[in-house]
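Please go over the structures that come below.
Shared between the two complexes below is chain A, which pairs with chain B and chain C, respectively.
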Partner chain A sequence: MKLAVRALAGTRPILAAALALTLVAGGFAAWTGLGWYEASHDESAAYAVQRDRALAAAEQAVQNLNTLDHTKVDQGLDLWESSTTGDLHNQLVQGRSEFADQVKAAKTVTTARVLSGAVTELDDRAGRARVLVALRITVKAADDKSSEKDSRMLGELTRTGTHWKLSALGQAPVGGTASG
Partner chain B sequence: MSTTRHLLNRQRRRQAVGSQPVPAARASGDTGTEEAPGSASRPPAGSPRAPASPRTRTRTRTRTRAGEAEGARKAAGSKRNEPPERDEGAGAAGTRRGGGKHLAPLLILCALTVVLGAFAGFAQSRAAALRDDPVRGNTALTDLARTSEIKGQAAKAVASLFSYDHAKPAAFESASKTSLTGKAVTQHRALFGDVLAQAGKQKTVITTTVTDSAVERIDGDRARVLIYADQSSVGTAGTEKQTPQDQGVYAGAMLALDLVARDGRWLVEGIDTFGR
Partner chain C sequence: MTRVPGKATEEHAESGAPPAAQGTVAQDTAGGGPEAAGEAAGGPEVPGEAAGGPEAAGEAAGGPEVPGEAAGGPEAADGAGGGSDGHGAPDGRGSGSRFGGRWHAAAFAAAVAVLLLGGSAFFYGAHQLRSTPSAQNRALTDTVATERVSGEVGDGLARIFSYTPTGADATARSARTVLGGRAARQYDDLFAQLRTNLETQKITLNTQAVRTGVIELDGDTARLLVLLDQTSRRDEGAGTSAAAQLTVTARFQENRWRIVDIKAR
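The block that comes next holds the complex of A and B.
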């Protein structure tokens, strides 16, 4: 390449200049191309994407599981089942009919709002995550009286395919030992 | 030595065409070198067809006499003479035609430059877009060291800021001075206003322990942490009357802290108790 440049330099300075420009442009293209490749194959970025997906799924699922209208029980419980997987899913399926009867009898409308949520652990490869979701639940009883209570939820998620679903959900124990 | 070989070649060429000037040599810039020694130091009796050796000697002498500038010019000239000698037959016409011959590579190079430049610009913008992605800007969990550092400092801050012992109020005061900043100072004071007003009388002891915490977001020197804590509060006032408050209350609390890094420490900048 150097020889070619030298030979051209003698006879064709314009050609040499053009070649130099091309080489510079090639260098830039290689450099920016590498930067692009690195940016799009960044492992921590992929991890961050999984973290945000898991959190979004967790917040939605926790909200779903704390929302139930006695006039639309079946619809609500279908949503519960589709938001969960594993043991939690099995429990919901088993207790479904009994629970539906209870809600229909109590005539309650439960709604929930996620106050805040965060991921505590994320195992990207195994497809497991643990989350904290702070929840405010409003229960409207049959006599139209509504009560509000805050719930400190601890959830466990499992990835099924590309979706994150709740596999365990519980309240953070009060007065118990610190669970991390 | 290239100069000698080049001279010999020229001699041969001259002999071939007689005493007429050689077009090839003139076109390629040879004239300068030919005339310089000729006018300056050609021996009077010598013909243009003189043998090579004396001429070479003459040349050498000229160079020393005419000085460095002349020598430099000749050096440049002799270098430039090499290519035309190689394509003796092609002559001046071939060199001139080269302008057209080099146009195609020039255009190709220009096109390549444009294409490569365009790709570089595109790649740069794509990479910048990826890097500026807010998902990536949040380094919670992706930066594990920082995440656990923030969790640890937030837990410590909560434990000291939300614990109060009427016997040792100094610890509470110093915690609120050292780990609070900005609007968190007034938020903290508002939360503890009632407690502090009664503390002396009721001999209050509040102990707060963080049970769970998770970092929601880390964006450079700012972070937000969600915290679950256990809070026990006991009024240890005299034994004469035991009001329900004095029995001691054990409760779970949840709050979110906005933290800001200052000099390597994370200070509480905002306390969010979710409207409670």
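The block that comes next holds the complex of A and C.
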């Protein structure tokens, strides 16, 4: 017993210092661990990721839906269908054969380039988003003459599983009332 | 000697020593052989103290435990697994105390190193998570700032691209509060040319921002996509509507968002 006490007393200053050092290191680890946990469970960061995914999907889908080559109509329309969901998807499926005939008859090649896009609304939980997209559409007619047109579109996206897809798309009206 | 260790061990078990202590003894046994174990558990003072009953025995057995707890403690045991090997040794083996002290030091150093490394890894990980381009962009995630910048930019564009034949001064004045940087210089050049036509041909232009989307918002800089509707009228003629799409860079200066660059889309 006495020996044990003596042994303790002898090592105490070093022990105390070592203990303090360990506590400080432990405190540091706990503090940074908490910070890391908070960062990895940050809701606004997860929201920001969804926003960026929605925008990327919207820009790609809008470009897809404004691109069609009369020599590869089926391929193009397959892409249209895979970029969309909901009402817009149903409309495309229903009008597909009629539209394909029109494009084959007109012999046009339409390409589009997205100039800019932004998400204006995002409901992360419901999986819905609204976007603005400005794009330039080039239509090459049968006689090889091409015309360019700038277009601005409003799209609505719905999340299906982990992917965002267009569920509505239309031209932004000109001369309408101001909103959003 | 043969009996004492046996008894000490028995009482050890009776006194309900914590599993850690038993583990310590067991490991020690494996390391130093049965005799060393007896010494460690009983210690030189055991004969006197052992008579005192199980409590004393428990204390004696607990003696070597104390440094062990300080070394790693149960909560740090994961970081210094090797530390437990040295627990029983130092106080039990008089001659081996220097060796044991080194083990203690190593255990402490290992525990501290593990904690510091772990802490640094967490720190770095958190920094990585916070500095992704997604997380840095506050568009929509900071709703107040997003609404403010879209409101001020949309409003500003409507003001600088709306003019009447007699109100050119008012438009030029508002341009000074709305614009900054490159956009201000470009606008001055443009407006100087426009101004003569404006007065002679009696042109009225009315601009509205119909949709505004914030592409990027990072601190005091923002990029927006703005859809404009413009109605122009010459003299008393019918108005014609046109659509315009702009990407605008705005900077927060003097407590308001100023448009510093405009690109037609």
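Keep this in mind: the second predicted complex is superposed on the first by the 168 of 180 C-alpha atoms of A that agree within 3 Å, B and C clash if a C-alpha of one lies under 4 Å from a C-alpha of the other, contacts with A are read in each partner's own complex, and residues count from 1 in each chain.
By definition in this document, a contact is a pair of C-beta atoms (placed from the backbone, for glycine too) under 8 Å apart; a residue touches a chain by one contact, two chains touch by 3 or more.
As the structure is a computational prediction, the values presented were derived from the model and not from experiment.
**Student:** Sharing chain A, do chain B and chain C clash or fit in the superposition?
**Tutor:** With chain A aligned, chain B runs into chain C, so clash.
**Student:** On the A-aligned overlay, A:S44 touches which partner chain: chain B = first, chain C = second, or both, or neither?
**Tutor:** Once the two structures are laid over each other on A, A:S44 reaches both partners.
**Student:** Just to be sure I read the superposition right, which of the two partners does A:A29 touch: chain B = first, chain C = second, or both, or neither?
**Tutor:** both
**Student:** Touch test for A:G76: chain B only (first), chain C only (second), both, or neither?
**Tutor:** Neither: A:G76 stays clear of chain B and chain C.
**Student:** On the A-aligned overlay, A:G155 touches which partner chain: chain B = first, chain C = second, or both, or neither?
**Tutor:** Touch partners of A:G155: none, neither chain B nor chain C.
**Student:** Which parts of chain A are touched by chain B and by chain C alike?
**Tutor:** The answer is residues 11, 15, 18-19, 21-22, 25-26, 28-29, 31-33, 35-36, 38-40, 42, 44-45, 47-49, 51-52, 115-120, 122, 131-132, 134, 150, 152, 154, 172-176, 178-180 of chain A.
**Student:** Give every residue of chain A touching chain B within the complex, in rising order.
**Tutor:** 10-12, 14-15, 18-19, 21-22, 25-26, 28-29, 31-33, 35-36, 38-40, 42, 44-45, 47-49, 51-52, 115-120, 122, 131-132, 134, 136, 150, 152, 154, 172-176, 178-180
**Student:** Using the touch definition up top, name the residues of chain C that touch chain A in the complex.
**Tutor:** Touching chain A: residues 43-45, 49, 56, 59-60, 63-64, 66-67, 70-71, 73, 75-76, 90-91, 97, 101, 104-105, 108, 111-112, 115-116, 118-120, 122-123, 125-126, 129-130, 132-135, 137-142, 208-215, 224-225, 227, 229, 231, 241-243, 245, 247, 265 of chain C.
**Student:** Using the touch rule from the top, collect the residues of chain A that touch chain C in their complex.
**Tutor:** Residues of chain A touching chain C: 1-4, 7-8, 11, 15, 18-19, 21-22, 25-26, 28-29, 31-33, 35-36, 38-40, 42, 44-45, 47-49, 51-52, 115-122, 131-132, 134, 150, 152, 154, 172-176, 178-180.
**Student:** Considering only the defined contacts, which chain B positions touch chain A in the complex?
**Tutor:** Of all residues in chain B, those touching chain A are 80, 83, 98, 102, 105-106, 109-110, 112-114, 116-117, 119-121, 123-124, 126-127, 130-131, 133, 135-136, 138-143, 209-216, 225-226, 228, 230, 250-252, 254, 256, 272, 274, 276.
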